[in-house]
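Two complexes, one shared chain (chain A), two partners (chain B, chain C).
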Partner chain A sequence: MKTSALVLPAVVILGAFFVVPLIWVVILSFLGAGPTGEVQHAFTLGNYVRFLTDSYYVNDLLLRTIRLAAIATVFSVVIGYLGAFVIARAAPTTQTWMILLVMLPLWVNLVVRTLSLMVVLGRNGPVNQILVGLGITARPLPLLYNETAVVIGMVQVAVPFVVLSVFGVLQAIPRQLEQAAMTVGATPLAAFRRVTLPLSVPGILAGSVLAFGINVESFVVPILLGGGRVRFMSVAAYETATVSNNLPFAATIGVILLIVTMVMLGVYQWAVRSAGRPATAIQAA
Partner chain B sequence: MGKFLAAMAIALATTLSAQAQTKELVVAAFGGAYTDALKKNIARFEKDNDVKVTFVPASGADGLAKAMAKEIDVVHADMAWAYRGEAQGAFEKLDPNIVTNLDKLYPKARFSEYGVITNFGEYGIAYNPKEVSPAPSSWLDLWDAKYDGAVSTAGFDAANIELLVLMAKLNGGNEDNIDPGFKKMAELGKHITVFYSQHPQLLDLFRNNEVVIARWLRGRVDWANKQGVSLGFAVPKEGAIGLVSTVHVVKGRPNTELAQKFVNHLLSVDSQTAYASDLGYTPARAGLDLKGVKVPYGEEVVGSLLIADWKKIVPKMDAWKERWEKEVVAR
Partner chain C sequence: MQKTLLGSSLWYGGAALFFAFLLAPLAILIVVSFNPVAMVFPPQGFTLKWYATILDKPDFLQAAWASTILGVATALLSTGLGVLAAIGLQRQRGAARAFVSSLLMSPLFIPAVIVALALFQIIFMMGLVNTIWTLLAAHVVVTLPYPLRNVMAQMEGFDVRLEEAALTVGATPRQALWRVTLPLLKASIIPSLIIVFVLSWNNYTVSIFLANKNWTTLPLQLRAYLQYEYEPFVAAMSTILIVASIVLLLIVDRTVGLGAVRKRD
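Right, the complex of A and B next:
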């Protein structure tokens, strides 16, 4: 048996449940909708014109979605990298436990996790109690039902993915490289900045691509933590289908989000790769 | 091996014949407590008609998609989805010779030839009596500047569409001239911090005193009181907004006659009483004895419910939803 046959199940499943529906969504986005929601089988660019010529859709929806997802990704990568670094430098038995703790939230339903975040961030929640108790603020802060809450929620979702992808790469970097740098006079910080960090770029890249991909398609988090005010592409697509009953326009929102995300990730990967080329050369050696 | 195959064959044959004997009726309903209430009296219907009724949770877009795909026999809907289904030819006409209970309903419950309203809920004003005194008497009390930041309503749902139309009508407009309504709703939007999306969320907002007045469902206010958050419920003088549950027979399924009988069953005295006693909804059927059931009931209650002309609204919902996001939600 050829090994290429081994990818057959994956190809069949992806093809049947991802590629074919995706093609249908793309086709749908070029059709019109009748007054009571029936799909009209005639080609039109109207949905794209409606989206791209309206500042509400472009600024308030698309750019806000990308902006919030990008901010959350930056926080996720910083927090996740620090976590992965601590775990990579811990004793092997401690490592196992720490990795388990990182993976634990992934086993809890996202809705449950987000609901618990609502309790934590609420007006009478522990965060506000601590802030008021320490005298940092006189009155509870509005941490819930705004963009901040949505970003916190997305960070919470994405951090474990960043930790896991960075940890794998950090593990593979020989500690001797850092030690060698220090024997020739580098401070520990300089050794990290000039040796470990560049070598871990592939992990950062994988982690941030994962984090951004997960954040930009967030659905539960903006619905529950946004208080109905934080508009988000995925929520808009859902409501356009289920409330406005305009399936083609909902498909258009989905396709635009997909294209923009793919282009952004492509550019980002290219930029990071070209910036970190020397590092990848060392790794390949 | 031979024995095994024979056993398999017998098992298969008995299952097939069992299936041939009992017909199956697939009913899409709202799920949860609603479906539980429907199940309460279902045993007798199944026995009388030699049918097995299976409930699937589906309504709205999902329910209509399943009806169009002819996967279900009976579907529940609200006003918007009922008109969409009717326009797309998803439903069978109700046969008055089978659905004999149609005569017993309040006129307002007769949705169209293609469906019927089985019960009504009441949207009014929920308020925290410690903060809101005297009790609200008009929908316009939601607009009171006193409650800036502490007033809430849901997103662009059916009841807010009713409120939008009401505001248009109070300001010289109607379903065809909605601008005055949006102007008024935009003012309300400025006072709102959170547009609630789930009932437990609004309960929490009331509990933490972040919201003191909101558009909410009567049954949910009773539920909040049971949860230890004491709230009042006011029916505004303009009328309560009607929450409507419709039921329809799906076209092109093998057992449409049985499906018609099932709709008739939902309009029977027992089923209609269960809507009130188990769900707190106002039955669509007149002349019931609801002693001891704390649910508003009667011709006057049903007649006073605000229900707009959804036939005019449905084709505009896409545009209205966009305006709602731009004019009411966006700051």
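Right, the complex of A and C next:
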């Protein structure tokens, strides 16, 4: 028995249900669609021209998806880093429980988690009750069904991933480095800023790329928390394919989303390479 | 930094805020499920009636059943393919191995919505209808990287001589696989089965494209219901799902440890 043949079933399944469909989507995005949605078998750039020349698709769809995903990523990284830092400095037994609590939301259905935010952010929800009760605002704020709600939802989803990426890196940094910096006169804050933070850059980068990758393809969060008002690429691809039945244009939206993801991964690779150098310099020093 | 009173209260306050941000919404949703009146917190009373109404909703029971079947089938298939592929790749070196393993890991980096869209379009254009089989295939494809990575990671520290020893003392390759290799891999196979089940059970983006009336999964059913009804029944249903997730998480933590199942890290 030749063991290398054991890889074949996985390759065949992946080829048939992943590689071939992906190639097909790219091809389809260059085909036209008739008035009732039937696919016309002739090469055209029309779908891309239509997407890129319509300010609705460029601004309200593509750029909004990227912008909101990026904003949510920044918040996720800041909150996730603080969480990871707290966990990394906790006693070992507490640490185990904290990690368990961070992982818990990842195991809960996303529709359920989004629903919980609908209750929290609703007109009569706890957040508005607190805001009104404290006199910060006279009337309940519209926290739901807008861009803010979608960003809050995406941050909620992405934070556990950031925590886990950063925590792994923080744990690998010897505490003695920070202590050494303080011995030679650095304040705790300076020691963090000059030693721990730069050394944890790989974790921050990995966390950012995960968070952005998850956010940019968000589906459940914008449909539930955006209430149909906040359009997202994935949702638009779904609606174009199933409601409008315009398969080539849905494919175009999908391919553009794919390009965004690929560019992001490219930027990440570049950032890892250029951030790798100062970090190794510190380690060597 | 933790020495001063101000410093330590900032520290614990920050930790409390962080975990509240992460988990308070779920806790609030659980409390709301006992509210007899409406989806409002704090509750205006206490009732268990919403839990009882679940039994009157055949749609939800059917969806839960569909999700369970799909989750179990996906877990078995995806983990099976992952284990076979990992064993197959074990002896390989060089460019072929790198190419095949990155091919098999690539669903991690491609938005799942595109995979689902692609399959949907092929089925649609061929004039076919969605069946459990395409749904299953799509779930397998998007989950395959997890078992593959878990098993490959465990194989890094794996002594191939054990398998060779079995062969030397007269075991057939098949016996060596079943009696030596697979038992050794148990520590990565079991968490892989659970993690794939959870990923499939929770999946929304792939299922929305490929499900049909007979195979509406629980997340789709929950979302469909939310479009028309907004009552504590959905909170009760959610509470059951949250508790189930906690139980699964604790089982994994107590048996194999959570280090083995981190998603996408």
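Basically, the second predicted complex is superposed on the first by the 253 of 285 C-alpha atoms of A that agree within 3 Å, B and C clash if a C-alpha of one lies under 4 Å from a C-alpha of the other, contacts with A are read in each partner's own complex, and residues count from 1 in each chain.
Everything below uses one rule, namely that a contact is a pair of C-beta atoms (placed from the backbone, for glycine too) under 8 Å apart; a residue touches a chain by one contact, two chains touch by 3 or more.
Computed from a prediction, not measured in an experiment: that's the story for all the values here.
Colleague: Putting chain B and chain C on the same copy of chain A, do they fit or clash?
Modeller: clash
Colleague: With both structures superposed, pick whichever of chain B and chain C touches the larger number of chain A residues.
Modeller: C
Colleague: After superposition on the shared chain, which partner residues are touched by A:L197: those of chain B (first), chain C (second), both, or neither?
Modeller: So A:L197 meets neither chain B nor chain C here.
Colleague: For A:A241, is the partner it touches chain B (first), chain C (second), both, or none of the two (neither)?
Modeller: The answer is both, since A:A241 touches chain B and chain C.
Colleague: Based on the superposed arrangement, let me know which partner A:L177 touches: chain B (first), chain C (second), both, or neither?
Modeller: Neither partner.
Colleague: Check the residue A:V74 against both partner chains and state whether it touches chain B (first), chain C (second), both, or neither.
Modeller: Neither partner.
Colleague: Applying the touch criterion given at the start, work out whether A:L141 contacts chain B, chain C, both or neither, answering first, second, both or neither.
Modeller: After superposing on A, A:L141 lies clear of both chain B and chain C.
Colleague: Thinking of the overlay built on chain A, is A:N124 touched by chain B (first), by chain C (second), by both, or by neither?
Modeller: Touch partners of A:N124: chain B and chain C.
Colleague: Between chain B (first) and chain C (second), which, if any, makes contact with A:A10: first, second, both or neither?
Modeller: Second partner only.
Colleague: In the superposed arrangement, which partner chain does A:R231 touch: chain B (first), chain C (second), both, or neither?
Modeller: A:R231 sits against chain B, while chain C stays out of touch.
Colleague: Of the candidate stretches 44-52, 62-70, 170-178 or 242-250, which in chain B collides with chain C after aligning the structures?
Modeller: 62-70
Colleague: So chain A touches chain B in one structure and chain C in the other; where do those two contact lists coincide?
Modeller: In the superposed arrangement, which is not itself an observed complex, chain A uses residues 122, 124, 223-224, 241-242 for both chain B and chain C.
Colleague: Using the touch definition from the top, list the residues of chain A that touch chain C in their complex.
Modeller: Touching chain C from chain A are residues 1, 3-11, 13-14, 16-22, 24-25, 28, 39, 79, 82-83, 86, 89-90, 98-113, 115-117, 119-120, 122, 124-126, 156, 159-161, 164-165, 168, 188-189, 206, 210, 213, 216-217, 219-220, 223-224, 234, 237-238, 241-242, 247, 250-251, 254-255, 257-258, 261, 265.
Colleague: In the complex formed with chain A, which residues of chain C make contact?
Modeller: Against chain A, the touching part of chain C is residues 1-2, 11, 14-15, 18-19, 21-26, 28-29, 32, 39-41, 81-82, 84-85, 87-92, 100, 103-104, 106-107, 109-115, 117-122, 124-125, 134, 137-138, 140-141, 144, 148, 173-174, 198, 201-202, 204-205, 208-209, 218-219, 222-223, 226, 234-235, 238, 241-242, 245-246, 248-250, 253, 258, 262-265.
Colleague: Please give the residue numbers of chain B that touch chain A in the complex, ascending.
Modeller: Against chain A, chain B makes touches at 60-61, 80, 83-84, 87-88, 154-157, 193-198, 201, 204, 208, 210, 314-315, 317-318, 321-322, 325-326, 329-331.
Colleague: Which stretch or stretches of chain A touch chain B in the complex?
Modeller: Checking each residue of chain A against chain B gives 33, 35-38, 56, 60, 118, 122-124, 142, 145, 223-224, 227-229, 231, 239-246, 249.
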